[in-house]
């Protein structure tokens, strides 16, 4: 339903600026939704989600630039690589029982390691980064129209929403949330916590990789800092927490609100460098203060989930 | 390439660089150990402290080391106020909110600095900025050697505070059992704020020791945050001895790694250690089993 | 939990409101489109004025703003009846995607052209976004050659790319060394790890051996690098005749400070697009360390009175330095306005054509008459500079030299 509404947006919104704004908001929403799957539903907070994003981005770029693959094929591969890295990280960290802050920090370290590796090898362009040539055609997954990109990202956002909905109501989702709320009890009840968490991280990482692939196709350039740096990791968790952890619509809403906030502070506070970001930071703190359960929490006037302390 | 004549000074350099990491990590580990906060604003706070030392030097002609008795209490006050009025009040105790609040604080501090102080990189010039100490043929930067002693001293003082004072006892109690501590009448909010304040006070000291060998601009803190986290994890969250030893160790690893693999790739050693410690010994070198 | 059936509609409405707010707020920033034959000429000035690149971004903005104010003060765009230039300021926040969003905003606001965006990574994205709307985009600094190698008709770069600068530097160095009797045989290259440093270092290490120089080591370092002692240790051990740094201000300054501290004195420090090398700020703060440093970098014609006048003006401003960010942007704006004058139009396509045909020679850069080939000004070149007695002097080529190079700096 939501998807239908947004899909018609390009018909009403002719402004290139607004279309770009919607597209970038959806992109941020995708990042937030994927993070939310692992953190909100799964209770595993990652500070290094960029590791999946960057993998998708680089897969997309390297396959096209160095191997001449078609963009659609590269996209499929990017998703696969994202899933693979998700499995890798999940296997290592969950096998060793890392949770809470430890899990968060180790993901941060993984993102850094990947960043340094990407920065070292000419294969990924090293510090120079990779530029995907401009070819405006649907065949090359570079829609000539603005609206095309919007549909591209919309598909994935819809996918993430459907997955989140499914997690909210399915038996698997219940297992996952049980593990989030109390892993020992869940295990005692017979839930295979390890497997459940691993599946969650793979889903999450695949969606993040989609975000990375989109970024490359939209901006045509990637480098180690953009791919694996803290910027993306922060963007992912911001939208989810502000919107409402563990909810279906929270991250999408959060991404939207943050986008509007960014624009508003830029437009209203003037041109002196930095002032708008000060305003942004203050509002962020205020949002957290007055909406401790995110925006969704405020709208429902009771906590949507009860999260165990990390 | 790795002959002793290069390796030896490299290790010494690593130790002195690591001393600064230790100073930064000491504060971070206290904040984590007591408040269980992963303080995203730590880098921005370091930046503010560095500006403090800079302006004290420019406006009042104060030598950075002389500024210690001013910077340390000043940063303490900043930390106390931040925790009491901002972080504690707004986060309602939820971990993910604390994260966002410290992130928000970092954004605010960094951009306030950008707006007030502009983006230029600033350095100070003191008679000893370029001085070196000759240790068995290796020329080691004098300010950095001083930093090494500074780190040792700060760690020692922190251990004394935690081990011998009432405040320290309260801090240890709260770190172990916050609810119980509240029940026996300890003013938990006050102690939390004191801890955060002490954590930032360490940054005040770190800034005094760091500025002569480095520089300051609004984004300078970002380059230290990840390393500080690594040191905290390596040493054991909540352990001062761990932060000290961890810092020195990481400094040496970075230095020798840089020598062996090149400065860029050499950084990887730090994070591989980070991951290895988290996987195989999450309590770190000195931490107690979680 | 079937209650969720009701919520999506509420959510959708909230979403629609949020999105329309986003669209609306976007247009709050700039006045509504007035595509007309009168009114000001809108020029977008886009730079990273916040984030890690803030220092350079702000200087870039200053240069552009100075030019615009001057032009407006002198009667605006004459061929359009004295129409004034209206500046649309944009902050790329040191991120390509924000740069793109700003381009979109500027496009909506009716910008006739854009000047920016300092950093190569950001320029790559912004020129592309501008191309989608046919907005002419003058690249101020952005030295990556890919920027002008994509066949984008709207992209024009007035200054040189790093290939030209590096080749120029190599030849210049060779001349310098040969004239002095070839005292230098070994070089050590120290570069920052991203686009500019890696590209420059790669060209250097390919071409120097052909001219008879031995590259003893190529050292890559991250941004930021907290400590250069290791690198200087290697320098001590390898003892190269000449050290060639290619990095940004902070690292460059820290490197040469550490070299001084460790008492490492090569025969010369020869930089290519050196971050702090030809920086009046660095020279002012560290006169002793800076003395003698050679650099091949963007520079103005030192004999041109207009350049000197601008320099005096900028140095008279509080805490400002006359850097390449300032004068390159200043010139970029003048280049653009010259094209607008000749096009006699605010229309983007006309300006693109006028730029492509530009032969503008009213600048104070050592470029000769402008001639764009695939978006690159063919005559653009750097100059070789040296810090001498607390000032930065052009030493090569002879046409613009103000002083003889001192080389080798130390024997």
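As written, the chains take the letters A, B and C, and residue 1 is the first residue of each chain.
The rule we apply is simple: a residue touches a chain if its C-beta (ideal position, glycine included) is under 8 Å from a C-beta of that chain, and two chains touch if they have at least 3 such contacts.
All of these numbers come straight from a predicted model, not from anything done at the bench.
Here the chain-to-chain distance from chain A to chain B, counted in touching steps, is 1.
Of the two chain pairs examined here, A-C and B-C, it is A-C that is joined by more C-beta pairs in contact.
Note: centroid distance chain A to chain C, computed from Cα atoms, is 33 Å. Each chain gets a centre from the mean of its Cα atoms; for chain B and chain C, those two points are 35 Å apart.
Within chain A, residues 119, 127, 273-274, 277 each touch two or more of the remaining chains. Among all residues of chain C, those that touch two or more other chains are 50, 54, 57-58, 193, 220, 222. Looking at chain B, residues 111, 114, 119, 218, 264, 267 sit in touch with two or more other chains. Residues of chain C touching chain A in their complex: 1, 4, 7-12, 14-16, 18-19, 21-23, 25-29, 49-50, 54, 57-58, 89, 91, 93, 95-97, 100-101, 104-105, 107-108, 121, 124-125, 128, 131-133, 146, 150, 152, 192-195, 197-199, 220, 222. Against chain B, in their complex, chain C makes its touches with residues 50-52, 54-55, 57-58, 193, 219-222, 224-227, 229-231, 233-234, 237, 249-250, 253-254, 257-258, 260-263, 281, 285-286, 319. Contact residues of chain B toward chain C in the complex are 5-6, 9-10, 13, 17, 111, 114, 118-121, 123, 125, 129-132, 139, 141, 214-215, 217-220, 222-224, 255, 258-259, 262-264, 267. The touching residues of chain B, counted against chain A in their complex, run 32, 36, 38, 86, 89-92, 94-97, 99-101, 103-108, 110-115, 119, 218, 226, 229-230, 233, 237, 264-265, 267-268, 271-272, 274-275, 278-280, 282, 290.
Those residues of chain A that touch chain B in the complex are listed here as 39, 45, 47, 92-93, 96, 98, 101-102, 104-106, 108-110, 112-113, 116-117, 119-120, 127, 234, 237-238, 241-242, 245, 272-275, 277-278, 280-282, 284-286, 288-289, 292, 307, 309-310.
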